[in-house]
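Structures follow.
Okay, so chain A shows up in both of these, paired with chain B first and chain C after.
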Partner chain A sequence: MADTVAVPPRQARRKVLPEGVFAWSLVAPAMLFIGIIVAWPLVETFRLSFTDAGLGGETYVGWSNYAELFHSGKFYDIVYRTFYWMFLSVSLKLVMGLIGASLLNAAVPGKALFRVLVMPPWVIPIDFGVIGWKWLYNGYFGFLSGILQRLGIIADPIALLAQKTSAFYAAIVTDVWVGTPMVTLFLLAAMQGVSRDLYEAAWVDGAGRWYRFRRITIPQIMPVIVSMALLSAIWTFNSFEIIWILTEGGPRGATTTLIIDTYKVAISSQRFGEGAARAVVIVGLLTAFSLLYLYFLNKVNKHYGAK
Partner chain B sequence: MTNFKTLTLGAILLSGSALSAQAEELHFIMCGGEVRAADQAVIDEFTASHEGVTVNMEAVPWGTCQDKSMQLAAAGDPPSIAYMGSRTLRQLANNDLIVPVTFTPEQEAAYQPGVLSTVTVGGQYWGIPHAFSTKALYINCDVVEAAGAECKAPETWEDLIALAKTVTDNTDAAGIGIAGKDFDNTMHMFLDFLYSNGGEVFDADGNPALDSQATRETLQLYADLLPYMEAGPTEWERDAMKDLFNDGQIAMYVTGPWGKGQHNAEIHQLIAPIPHGPSGPSGTILITDSIAVFKGTGHEDLAIELAKALTSGAAQYDLDSSWGLTPILQYENLGVADPYYTHDDWPVFVAGISTGGPEPLVEDFKALQAVFTNMVQGIMLADGTVDDLVTTAGEELAAVR
Partner chain C sequence: MMDRYTFLQKVGIYIAIAAFLTFVLLPFFEMFRVSLRPLDHLMSTPFRFWSDDFSFAAYKQMWISVPLLGRYILNSIFIATSVTTLTMIVVIPAAYAYARLQFPFKAISLAVFLGVNMFTGAVLLIPLYRVLRTLGLLNTYWAMIIPGVAFLIPTGIWLLRSYLEKIPRELEEAAYVDGASRMYTLRRVVIPLAVPGLIVVATSVFIGAYAQQFLFAIAFNNQREYQPLPAGIFEFVGYQQVTWNEMMAASLTGILPVMLIFLFLQKYLIAGLTAGAVKE
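Let's turn to the complex of A and B:
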C-alpha cells in the first residue's frame, strides 16, 4: 500500500483573515466616508449649539441658546407652521401622485408620452421652476392676476405672495407641483408590480373598478405609499429653495418654516451658535418623526403581509 | 483745481509705487452685480502699474453679496477687498475681520458732511466711502395729469396723500409705490419719511429713540397711504418699482438720483424733495457703500492701495458722474469747474445732504432691518395698530446688538 500524503486544501495553506476582520475591512471605507460627511458635521453642529459662535469667534454658553429658543413664542409658531406645511403639502402630493399614477397606469393610447410629460417639474432645475411660479403669482405682471382681471373676476391686480394666507398656500401649491411627479412615478412603478391575476379574479367575481382599486391596488402598494410619505415628509420639512425664492419667509413670517428660520439666524445674521441650536432641534424633530413613522410602517407591512 | 490735482496725483503716485514684483492676486467682491466702467478703468491701470498683480473681480448681486463676503471671512478665506454697504462695517470691525483706514486731513475735508461718519466705528475709519445717495420723490406727470391733477410737487404729507388719492380715484394707476418687502430698502424708504418728520432711530447718545411720536406719525402716513399704494406692497422692493413707474402703474415713488436714468425717456417726470410731516422739515436717508479691506490675506497694504486709487479724485468723480450718484466728495472745493450736480434736478439731491439722517450703524444690521420690516408690514397687513406696532418696534430695537 502506497503511502498517501494528505494534501491540505489550498485555502488552508493561505493565511486567512478572521471573518470579522475581513467584514470590517469591507465596511470601513463606507464608515469612514459617512463619518466624515455625516457624523462629523453633526457632532460639530451639536458642539456649536452650546456656543455663541459668530463672525468673531465663539465662547461656551451652555444651554442658553436652547433656553432662549424654547422661551420664544415665535419658535412654537414656526414649529406649528412647519408641521402644518409638511402635513398639507405631503398629503396633497400623495393624493395627486396616486391619482396621477392611476391615470398613467390605465391602458390608454399614448400613455408612454404622458409618463414623460409628467416629469418636467421634477427634472428642470428647481430654481427655474419656482421663478416661473413667482412670475405667475405677481400682481402686476403675473399670469394668474392677468387672467382673473381679463375674465372680470377681479377688478384690481391681486398679489398672491403679498398676503400672509395666500402666500402660504401659494408656496404649498408650488411645493406640490415640484414634488408630485416623483411620488407619481414611484406609485406607478408599484402599481405595475401588482399581479394582473388579482384583478382578473376580482373582475370574474363581479368587482367594479372602484372596488378593485380600493381592495387590491391600495393594499398592494401601501408599503410604497407609506415609504413615499416618509421621504416626502422629510424633504418637505427641509424644503428651502421654494420658500426662499418665493417669499424669503415673508410676509411677516407667514411662510417662515424651521429651515428658513435657521438660515436667517445662522447665515443671514451670522449667529452660528443660535442657528446650530435650531439645526439640532430640526434633527431631533425629524428623528422622532421618523421613529414614529417606522413604527407605523412596520405595522402596515405586517397588516398587508409585506416583509 | 489745485487740491483736486494733488489728491489725484497722490493717488496715482501711491498706486504707482509698486510694493513688489511678486505675483499676487487680489480677490475683489463687488456688490451690485456689475463692475462699472469707471472702476474697471482704475483696476486696469492698477494692474498695469503693478507687475505680477492681478485682480480677480467677482460681481455679486446685492441680495447675497454681503452675506458671501462675511461668510468667506468667517471661514478664514476672506476676500482681499470688498465693495459693500457701510452698514456692515460695524459687524466686521467689531469682529476684527477688516483693517482700519486712515485719511489725511486734506482727504477728510474733501468728503461731503456726514459721509465719513457712516464708516466710523469707535473713533476709527473702517472703510473708504465709494458711493453716496440721497433720495427724492419722483412723480410721473403723465399719470398725474391723466387723473386731472396739476403736476406739482407735494410739500407736506397731506398734499402727498391727497395727490395719491386723486390718482387712484381717477386712473387705473396706484397713487404711490411704497416698498414693503423683507429687504433693506423697506427700512430705507421708511427712514426717508421718518427723517422728513424730525424722527430718529438712535439719539445723540446712541440710545434707541424709535418709539416716538415722530415714528407714530410716519407709520400713520403709511396707513393713510395704504389704499393708494401699489397692489401687494409687501411684495415690492424699491428698485423693482422703476418697472411700475415706467409702466404707468404708479404715479410716485421715492428713490435715488439714478432713478432718472432708469426711467423711460418719454415719461414727463418731476423730481421733488420728499414731502415733510407735521413734526419736521423734508429730509432723506444718507447711505454710503464703502470699500473694506479684509484682514488675513497677506496683502492688505496692496488692497488699501487699490481702494485708495478707486476712491480718490478723478476716479471717484468719474464714477459719481457716470453712475448718477449724489457727489461723495465736494468736487467744487477740489477745483472741479461746473460739476455735474449743479445742473438739472441735482440740487434736490444735493440739498438733502445737509438735512438728511444717517443709516443706523448696528452690529446686527439684519436684525435692525427686521425691526422695520415687521413694523411696516404690520401696518400693510393690518396686523396691529400704529401704536402697538411702534411700541413693539421700539422694544425690538432695544434688543438689537
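Let's turn to the complex of A and C:
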C-alpha cells in the first residue's frame, strides 16, 4: 500500500490514508463514546468495589466487601433467585415465542395484521406496559382478581403483588410479556427462511404437520433459537424496570434479583463500595455465562450445519 | 395443498391466535378501560368490568393535574430524537468500516462493542454518575442523552453493518477508480444507497431511545422541567392517592408517538431487524 512503490497504472493508488488508519478514524468516535460511558465506569466499578466509598470519602478496604457478600446466606439466596428468574423467564419466552411464531407463520388470512398486533409490548417504553400490569394485578380493583372472583374461582380479592410467591410469578409473567414479541418476531423470520423444498419433500413422503415441525422446522431454526436464548438471558438477568416498578424487590425481598439488590445498596442506601462489589459479581457471572453459552452455540451451529 | 387446513384446523388456529393476542394486548385494553372511568368508580368494590360512566374526562383532567405533562412528552421526543441523531452520526462511519474495510483489531473491537450489550446502565450507575458529574452534565438533557447514545451504539453498528454488507461493492469501486476519495465515496455513494437501511436502524434506535429513558432520568436528572415522560408519569402517584385513570390516559398518550412511527414503518422495520436471522 505504500504510495512510493511503483505499481502498474491500473492499480495505482493516490496519496490516501492507509486503510487501517482510515478505518480506525471512522470507528474512533463510537469507540470513544463506549470508552467514556461504559469502559471507564466499568474500571471504576472494579476499583470502588475494594473501597468503602459512600457519601463521605473512600478508603481502601481490600476484599472485605466481597468477603461480606460471600459470607452472607442472603446473598446466595439472591443469586439463586436471579438464576431461577432468568431460566424460568427465558424458557417461557422461548416457548411463547415458538408458539407465537408458529401461529403467525400459519397460512391463514390476516396474518400480516396479527404480526403487527404482537409488537406493541416491545415498541413502547417498558414502564408504561408495567404500569398496566400493576393495575391488572391489583387485588381490589384489578382485572385479574376481579374476573377470578366473578367466575367464582376465588372468593376474596387476591392482591397478587402482596404475597411473596405470587409476586415473584407475577413479575415473571410481566417479564415474559415484555420479552415475547421480540422472540416471536425473530423466530418467525427464521421460520420463513426455511426452504419450502424440505417441507414439500417430507410432505410427499407422507409426513404430518407435527412431524415436519419437529424434524424440519426446529432443527433448521435451532441456531436462531439458541442465539435468542442468549440475548434474552442477558436482558432478563439485567431486567430492572419491570421488578422495580411492580414491587421494588418486595414483598420481603421475594423479587429481589442481583440487579435490584445492587441498585438498592448502591443508590437507595448510597453504599457505593458494597454496591460496586455486587456489580462486579454481576459482570463476572454474566461473562462466565456468556462464554459458556457461546461455546455451546458454536457446537449447536456445527451440529446443525449453519454458516 | 400442503398448506391447506381443514375448517376445524382453521378455527383452532384463529382461537389460538386470539388467545395469544389477548395475552399481548390485555394490559392495553385494561389501561384504556381504566382511563375512561372516574376515579371513585374505579376504586369501588365489588369489581365491575363494565359500567355506563365511561368518558374521556381523564384525558382533559391530566393536563391540569400534572401541568408539566406536555413538557414531559416533548422532552421524551426531544431526548429520543437527539439520541438518535448522535447515535447515527457515530454509527454510520463505524458500521461502514466494519462492513467494508480491513484493519488491525477489527474482530476484537467489534466483540468489545457487542460486549457492551451485556451491561445495563443499572450496573454502572455509580461511576457513570461520577463521570457525568465530572463533565458537569448532571441535571441537564445531556445526562440522559449521552448514556442513551452509548448503550445504543452497539446494536446500531450491528444492524447497519449487516445491511451495508449487502450493498454491492462494485459501485464503490467504480467511484474509487474514477478518483473519488474514500470520504467522498462514503458520503456520495454509500450513504445514498443505504437510505432504506438507515431508516430501519434510525427507527429502531429511536424506539430504543424512547424506551430506555426511565433509569437515566431517575438517576441523573432532578430538574423537573427536563424530565421525560417515563419518569414524569409517576407524578400521578400523589401523597394521598394515585390518580390511576389519568396516569393510564397519560401513558397511552405517551405511547402514541412511538406507536405511530412504528405503524408507519413496521414493514421495513420488521424486515430489516430480522434480516440477520434469515439464511440466504
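By our rule, the second predicted complex is superposed on the first by the 273 of 307 C-alpha atoms of A that agree within 3 Å, B and C clash if a C-alpha of one lies under 4 Å from a C-alpha of the other, contacts with A are read in each partner's own complex, and residues count from 1 in each chain.
Keep this in mind: a contact is a pair of C-beta atoms (placed from the backbone, for glycine too) under 8 Å apart; a residue touches a chain by one contact, two chains touch by 3 or more.
Predicted model only: the values in this text are computed from it and were never measured.
When both complexes are superposed on chain A, chain B and chain C sit side by side without a clash.
In the superposition on chain A, A:Ala201 makes contact with neither chain B nor chain C.
Residue by residue along chain A, chain B and chain C are tallied for touches, and C comes out ahead. In the superposition on chain A, contact is made by A:Ile267 with both chain B and chain C.
Shared-chain residue A:Leu161: touches chain B; no touch with chain C.
Using the contact criterion defined above for the overlaid structures, shared-chain residue A:Gly250 touches chain B, although it does not reach chain C.
Using the contact criterion defined above for the overlaid structures, shared-chain residue A:Ile36 touches chain C, although it does not reach chain B.
Of the two partner chains placed around the shared chain by superposition, neither chain B nor chain C is touched by A:Val95. With both structures placed on the common chain, the touch criterion links A:Ala67 to neither chain B nor chain C. Applying the stated contact rule after C-alpha superposition, one finds that A:Leu292 touches neither chain B nor chain C.
Measuring only between alpha carbons, the smallest separation of chain B from chain C in this overlay is 5 Å.
Residues 140-141, 157, 267, 272 of chain A contact both chain B in one complex and chain C in the other.
Considering their complex, residues 2-3, 5, 10, 13-14, 16-17, 20-21, 23-28, 30-31, 33-34, 42-49, 89-91, 93-94, 96-98, 101-104, 106, 109, 112-113, 116-120, 122-128, 130-131, 146-147, 149-151, 153-154, 157, 179, 181-182, 207, 210-215, 219, 229-230, 233, 244, 247-248, 251-252, 254-255, 258-259, 262-263, 266, 270, 273-275, 277-279 of chain C touch chain A.
Touching chain A in their complex are the following residues of chain B: 67, 70-71, 73-74, 91-92, 94-97, 180-182, 230-235, 243-244, 247, 249, 364, 366-367, 373-374, 377-378, 380-381, 383. Of all residues in chain A, those touching chain B in their complex are 54-57, 138-141, 156-159, 161-164, 247-252, 264, 267-272. Interface of chain A with chain C (complex): residues 14, 16-17, 19-20, 22-24, 26-27, 29-31, 33-34, 36-38, 40-42, 44-45, 48, 96, 99-100, 103-104, 106-108, 114-121, 123-129, 131-133, 135-136, 140-143, 145-147, 149-150, 157, 177, 180-181, 185-186, 188-190, 192-193, 199-200, 203, 224, 231, 234, 238, 240-241, 259, 262-263, 266-267, 272, 275-276, 279, 282-283, 286-287, 290, 306-307.
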